[in-house]
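For reference, the structure discussed in these notes is given below.
Labels A, B, C and D are assigned to the chains in the order they are written; within every chain, residues are numbered from 1.
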């Protein structure tokens, strides 16, 4: 393995406050701090129960939310949290529900074109080329560009989500529970697609999930969160063979059943 | 919903086309829609079609009944009023005043409301809550009352009426846009746009506008009827358009004096007004229902 | 009672279930058949006719509350006795001695109870108030007595002498032919001196014009501005007492509402039917409609103090823009005569061979060019907001004028306020031009000229043109001091020529006055020179 | 609940503040002299001018002016009318009961008519009733109120002679004013012609009530129908039906209360419109309420009167809307959580 990690996260955290009023004091919830390193082509899984804060971490990493502290490095460069351009060209996110992440009133082709419009100076033909490529990559046809989101099935929509994430050639892709809503046969298809893409494009994945079996199949390393904190981290094999934290043990047990 | 359909599935249309095909199935609404279009065209070209000027007095033909009445004259199709003005010509101009002006007012208020409402939807904190309070207050006031207040300040007249109606409708549009925008901003696809690197303007243009337009059109269609009513009622109680302007409400108020003698001077403008409002309401209602149906699918 | 209650219940149910049901029952209370409902067109300005010129006030107040020394018989037009049982005029027409009736009582109400009968001191009190600026009541309610100032009463009367309790003598400075006629007008009402004293003691002097005390057939009970006036029968009236228990003036400025109220029997008698409705009403079998020639004129007056209307040429030009026949058709629905002079043709001083058709836009244009206004100008036409016998719809008249003026490139704005404000602003001279008119108070032609156009009237405000012309004033004055009718006519013709030359106003039409009432009403007396009299009115079964 | 009430109370204070600030600023917004607009005195002499300026604190800044304005409002010193020179405060509160009376009867009427119709229209067993009722309500909703009134006058007053066209009691009857509500006043009065006067007042009421009720009725029909539809679709109603309850029992025990909740909410939303329509109705039927009074004031540019009238009208609309909201919340505990600052 290379010595310099591609993607480094240092002590990022997010603090939520409940709205307080005259009668109630606000409750403070802190997520993090979270730190980890990832090398090119690796997959990190963040696992935890619902409400453990894993999704928040995912959103922080993708730049969807601003953290209350911490740093992010891509290679040697520190990423400026407010530099959305940098984020979207390097770190992309695939949403949990792709259908909802698509603008219902705009054709697929246009939606795929928009990130290119925002971030690149490609001309019309080049953009079209990129769109067709991306669609083909995820196993769709260029004709699908003229369709509206509601005409696609869940699996297809998920593929469009992936295409959209990849169209800007990112290095890191954050997959936020993106596989959960699919039925098993589709899920297998998408997983294979993701692995294939990782292979060909040398992508780095951060997989956020609560499905242990999936995590084991896909990831190289794992991080387990509970109530906003990391309770255990390590390579897949280590953690799965010798879970230390009682919560981890419980989590893994649930898989066995 | 695996419903069996024995016609070609409209689910393959674009959302707008889908809406239209649902709307089309409502025949009433469709008829109303065509009447609406006719009215709209009349409100632009009506004055050109009018046989006389709406102000022209024909002293030799006072209070002539409509042409279909026994002693009506064919050259005054809808009859004449107490000053011998041709009611058809007045009514044709009246459509542009009462109906056309209402549409312009709604479009203008919508445009302003869209911008202010979007800004409001983006803003947070003290500014947002202050705006919320002001809006809440303004929303309780019915638009006609606000319009009356504004006319009371500005003084009567058709121009003031127009601005009063625009201003009176503004709070509800701002409110509508603001809630919609706030709603949309929490949607995944808007976050996706942000992650795509869209700036605020691009977000507005590509993500918000396409999703707002439909709702605004329907909301606007419903608002037209109240805008018409506001203009007409202000005219009728004498603080809107002033005589001799051929605004329908003013016209009716003008003719009340001869109402018992020659009811058509009141009935015809009133009937037209009623048709205008009814078609707008049916169209708005039809659109709303179609939207609801589409959401169910 | 029980019957009414059950009906009430059924009506309530109908109210709930559906309103499309009639509750048509006959009421059997005496009250309805003893109440006269008169729909009037506006609120009175005051309850003292001395202070006003408007027909509304005269209608509402004069004949109901008050008496005069003498009055005009509505049939013959002659001056006949009222409070004064007889009048003796000296041969030089400079001394008028009035002998009053005995036992005339003023109203007793919640706010005043008379302790004595009407006597000479009341007459003296009444006229001193008008004549003497040091009189305690002279300045009350504004201190303006437009009618009396218009006829120059204070210059005319040298002295009023109380001969005894029931005899009073007026001495004039000059002989005046129209003095008795003026004393018989609805303005010359007699107030109570005793009431005046009471108000001075209570320090509420202005109440004399707001809560009136008179000696007439009805007494004041309640007034709500723009709403109604309620009069109750005067049980102590010195003439045959009225059959009615109360009369109510239902103030309804809106023409159509007034008509509707007549049709639904919410009013028994209608003040000023819109000319447009006369034809419609004539077809109804339950309604009586009578037209009478009336001494009136409607005119368009220019404010001669405001440019460009200080220029007679401009005024003349505008006079050619008045399309009389169009106005008579549209505004009067044919129920009027075109006016050629201020005087209606029924007046003995009317000069028949002066008729010229006025409407001529070419001439108007030429005159405007001459006056230096080839491109026209912008002006206001004030249209009075109330209907009058002489002008049933001033706004409509204004619209017709507006149309003709447009041809002359003159942009005319129609201005109107509520009647009270309108008159106030008019008296202040805030107008450019105004559409208004005049209903004569007596048969003397002087009543048209002096109140409308004399210099004195310009001061008191009833001269809407603010016009003062020596030649005109001189002719009118000469006419007044001459007894010979033929000679007077010459002076009036001269005066009329001055008007035609200077055009301070454009006479437009003389309207026919209509009286509309339900058939079950009888004996409503409308004086051709003014107010409406209900003292003998009877109401049958509606 | 307490929290909720407090929030409404706070809102009420905010609204009161807003309305008074608005009314105060009208003094400046109206054309003409500020002092004249405030006092209603049109002929202020120079000496008086100075005194008034001090009294109304026009020499100090706007905040002080505003507080002195509030002080005068509280003391009932609302200035005098330009036209009649009488106290605006008095005029407003003589006219107000007539408007409230009319609006209340119209509401009552629309309840009686609309709720059964709405329930009928929502009845799934009689689908053929739905369309006509809806069409009727759409027509009623689109009918310009003054036109409807004119037609009614033409048919029922002029042609048939059934109802009087204006006012709320024939002037024949002289009823002393005590509450300002005509029916109550008649009942409380001690005149010999009580029954007659009562009957007369009722005939005066019918047409204005019907005309004014047209709008709320149509709105109520639609709301009732919609919410009944929603309620009848819920599982608890279906369960109740499955238990074997008859339609009427279901309606009575389950559907009605829940189905009528949105109706209360609707009333709150449309109360303002009802009051504005009442103004128009008053103008047509010469009903001596605040609307007729205000329209007259606008015609005559009587600025102190316009100011007072607008303040009372908008204040009334606000308070009523908040009250309806509170009532709604009392009946529907679920809604309380969402009521953040919304009226």
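Rule of thumb we're sticking to: contacts are C-beta pairs under 8 Å (C-beta built on N, C-alpha and C of every residue); 3 or more make two chains touch, one makes a residue touch a chain.
Note that the structure is a prediction, hence the values are computed from the model and not measured.
Student: Out of C-D and B-C, which chain pair has the most contact pairs?
Tutor: Result: the pair with more contacts is C-D.
Student: Could you pull out the chain whose C-alpha mean position is farthest off from that of chain D?
Tutor: Looking at centroid distances, A is the chain farthest away.
Student: Hey, how far is the Cα centre of chain C from the one of chain D, in Å?
Tutor: 41
Student: Report, in whole Å, the distance between the mean C-alpha point of chain A and the mean C-alpha point of chain C.
Tutor: Here the centre of chain C sits 92 Å away from the centre of chain A.
Student: Between chain A and chain B, what distance separates the C-alpha centroids? Give it in angstrom.
Tutor: 47
Student: Where in chain B do residues touch two or more of the other chains?
Tutor: 256, 259-260, in rising order.
Student: Going by the contact rule already set, what residues in chain D reach two or more other chains?
Tutor: As it turns out, chain D has residues touching two or more other chains at 158, 299.
Student: Quick check on the complex: what are the chain D residues that touch chain C?
Tutor: It is residues 82-84, 109, 112, 153, 156-158, 160-167, 170-174, 192-193, 195-196, 198-200, 202-203, 205-207, 209-210, 286, 288, 296, 299-301 of chain D that touch chain C.
Student: Of all residues in chain B, which touch chain C in the complex?
Tutor: So the residues of chain B touching chain C come out as 55-57, 59, 62-63, 82-84, 242-244, 256-261.
Student: So in the complex, which bits of chain A are touching chain B?
Tutor: Its residues touching chain B are 62-64, 84-85, 87-89, 92-93, 95-97, 100-107, 114-115, 117-119, 148, 150-151, 164.
Student: Would you mind writing out the residues of chain B in touch with chain A in their complex?
Tutor: For this pair, the touching residues of chain B are 11-12, 14-16, 187-189, 191-199, 202, 206-207, 210-211, 213-214.
Student: Hey, which residues of chain B end up touching chain D in the complex?
Tutor: Touch list, chain B to chain D: 129, 132-134, 136-137, 139-142, 144-145, 148-149, 151-153, 155, 225, 229, 232-233, 236-239, 249, 252, 256, 259-260, 263, 266-267, 270, 273-274, 277-278, 280-282, 285.
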